[in-house]
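Let me begin by presenting the structure, written as structure tokens, before commenting on it.
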């Protein structure tokens, strides 16, 4: 009996020490983790918009988040957009409810600060206050609108879509005319040496510059990637004087309406990414048009 | 004093060569096969294992007189799990890109037989300095083996070392494919055995 | 004899699960018997009786969207009615994302002049199909040993003889199914709500040890003979990193209870298959002439490499 008590005591003590050590490590790293994740995403977004070391981003560049929710009221369904609006100098959020055909239904003020709006939990709490009981809402996705000097520079869409193995997390960027600005792959579980190549520049840069019209019918072709085009796509490996201005313009023109060249031995992954990008872009273009017309009609002064 | 220092050194060297956890003891084979596709992966996971091994060895060595023999194994597991959680959180926070490349394996260090074995065989019987050197040697031995494997696979598979293109072409894509890990480890083990056989033969005559 | 008994147990559990899951399926309208995806761009509706051709072939009577995107209506290119007028195939313009549930609404269904009322139907992959996909994925396509390289220590240690391989594989399957289901419950109801997910590693490894101890005690009481045969493998389960990888994977992917169970079962069966195959080869290898420096583990590794290459062939396999 004495022994049991002794063992229990010893185990409890060790568990408490271990748990506090882990708790300490967690609290110390949680902030850095979040910050690093944010920086990672931020840098990727800046890069997608075409800014970098030799082309610094304008100082008034702003990333504005539009959060999309699906709101249910009985058997009726609405789309709820949480939109940043201008209210004097302060930034505030409004929930704009739109029915499935794209007609305005209701506009609600959301009591939340810009900083807190980035947290899913804080957003849910604030929305709970304005969308009361019979209404149910579920978070769908967030889209980022980049603005500078009151003008839209582009749309940045962090999304996930099915890949060959599991889901691929990527960021698709489009300019205001829905021309693709680029694609960044953030997370995936494709095979090393095969599907993993989707992260490589020679694959994802192929999406750059595709017009919205072309994008709708974009296909994957199983042809070898032309050597010259590959060199052009691998921008980070460019050396001084490798391409002249005319050459760049010519390559760009030649391949502007080309389909996506599949990665050797990874056609399924290539197709999955292409379909994913196509879907993301098409859905977003459709929705932002509807949202813009509603905002204009109802004279809601969105910050973008 | 001099003898003791030598023993420490001996412990350290043994961990790397004579008792190399991967090539000699054939323990913790999963990461050796799974993520030895590049030298960088080897260094990163090696560092994590080194950290966990040294910290766990030291912890157990410090409290070795207070551990009730009946709950020895749970205490080891708890210690290892704690240190793994710490390194997992730290890596996830400060080197997210590398952390992603290693996937599940950082968290799976908790199930590595090599660490528990060193605790049971060595750290619970020896004082702190000795345990430290033993753990350090074992950790470095693991790292060394991972780097060797990574070197071979990266060079043959993608023609690169540490991400720098050295060959300019890909000799055998097969080696970076996931399934080549087994073959590489098998060939390397055979190669080391062969060296040993040749060496023994030379020594004899 | 003993092993046959446990086979029965496993098959029984599977059958019950299958019955339970298939019993739950319903289309959402009394006149519509079944809805299902076909190919990549078709949805097939099966009605309880014949429907009017004029109504059925008019695509304007149907509208369909993916469940998370209610505002984007998918365009239906054509509606084809089968000769016996009970099966309607809707052909869509673009390939469907069959991983998502689709909502299909119709105007009032007309059957032989009678109005059967409007229908709001959910079209989705059979839940049992989803579970089978996870199960097969874990057992073959993403076999934990040959494509994820986990559990190798035990894999090489226990694959010298066929009898050992089977014993180890069975014990492992039972323990992992038990442990993973508990891990799922603990993760969903305790760790996640209280934001303690950083304790995952400790909790899961504790749970695995606990399950091993639990199975040990139960087996010892209920069936001492079986315990005598398989008891030795129980301790080895803790040293198997698949046992800790499965709970971590199901926590990362937010699987539901049944999905977790099929993942664990698949992982266990996959491990059993790998062990058995390897043991068969290694028994033969004993008779082969192997160079002295390759004897033992090195040649086993090279063999495993060939198996891994063969298992790559399973990728792309899909039944449901």
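In order of appearance the chains are A, B and C, and numbering begins at 1 in each one.
As a working rule, contacts are C-beta pairs under 8 Å (C-beta built on N, C-alpha and C of every residue); 3 or more make two chains touch, one makes a residue touch a chain.
Quick caveat, the model's predicted, so the values are computed rather than measured.
Enquirer: Would you kindly say which chain has the C-alpha centre located farthest from the C-alpha centre of chain A?
Expert: B
Enquirer: Ranking chain pairs by how many C-beta pairs touch, which one is first?
Expert: Greatest count of contact pairs is found between chains B-C.
Enquirer: Using mean C-alpha positions as chain centres, tell me how far chain B is from chain C in Å, no decimals.
Expert: 34
Enquirer: Roughly how far is chain A from chain B, going centre to centre by Cα mean, in whole Å?
Expert: 38
Enquirer: If a residue has to touch 2 or more other chains to count, which residues of chain C qualify?
Expert: 198-199, 202 - these are the residues of chain C that touch more than one other chain.
Enquirer: Identify all positions of chain B at which a residue touches two or more other chains, and write them in rising order.
Expert: Residue numbers touching two or more other chains: 74, 78, 81-82, 85, 89, 177-178.
Enquirer: Would you mind listing the residues of chain A that make contact with two or more other chains?
Expert: 18, 22, 25-26
Enquirer: Please output the residues of chain B touching chain A within their complex, sorted ascending.
Expert: Touch list, chain B to chain A: 37, 66-68, 70-71, 74-75, 78-79, 81-82, 85-86, 89-90, 92-94, 96, 100, 103, 157-158, 173, 176-178.
Enquirer: Chain C touches which residues of chain B in the complex?
Expert: Listed in rising order, the residues are 26-31, 33-34, 74, 77-78, 81-82, 84-85, 88-89, 104, 107-108, 110-113, 116, 177-183, 185-187, 189-191, 193-194, 196-197.
Enquirer: Flag every residue of chain C that touches chain A in the complex, lowest number first.
Expert: Against chain A, chain C makes touches at 68-72, 95, 97, 99, 142, 198-199, 202, 253, 315-316.
Enquirer: Going by the contact rule at the top, pick out the chain A residues touching chain B in the complex.
Expert: Touching chain B: residues 3, 6-7, 10-11, 14-15, 18, 21-22, 25-26, 29-30, 32-33, 36-37, 40, 187, 189, 191-194 of chain A.
Enquirer: Which part of chain A faces chain C closely enough to touch in the complex?
Expert: Where chain A meets chain C, its residues are 18-19, 22-23, 25-26, 70, 77, 79, 98, 100, 102, 140, 162, 164-166, 268, 275, 279, 283, 286-287, 290.
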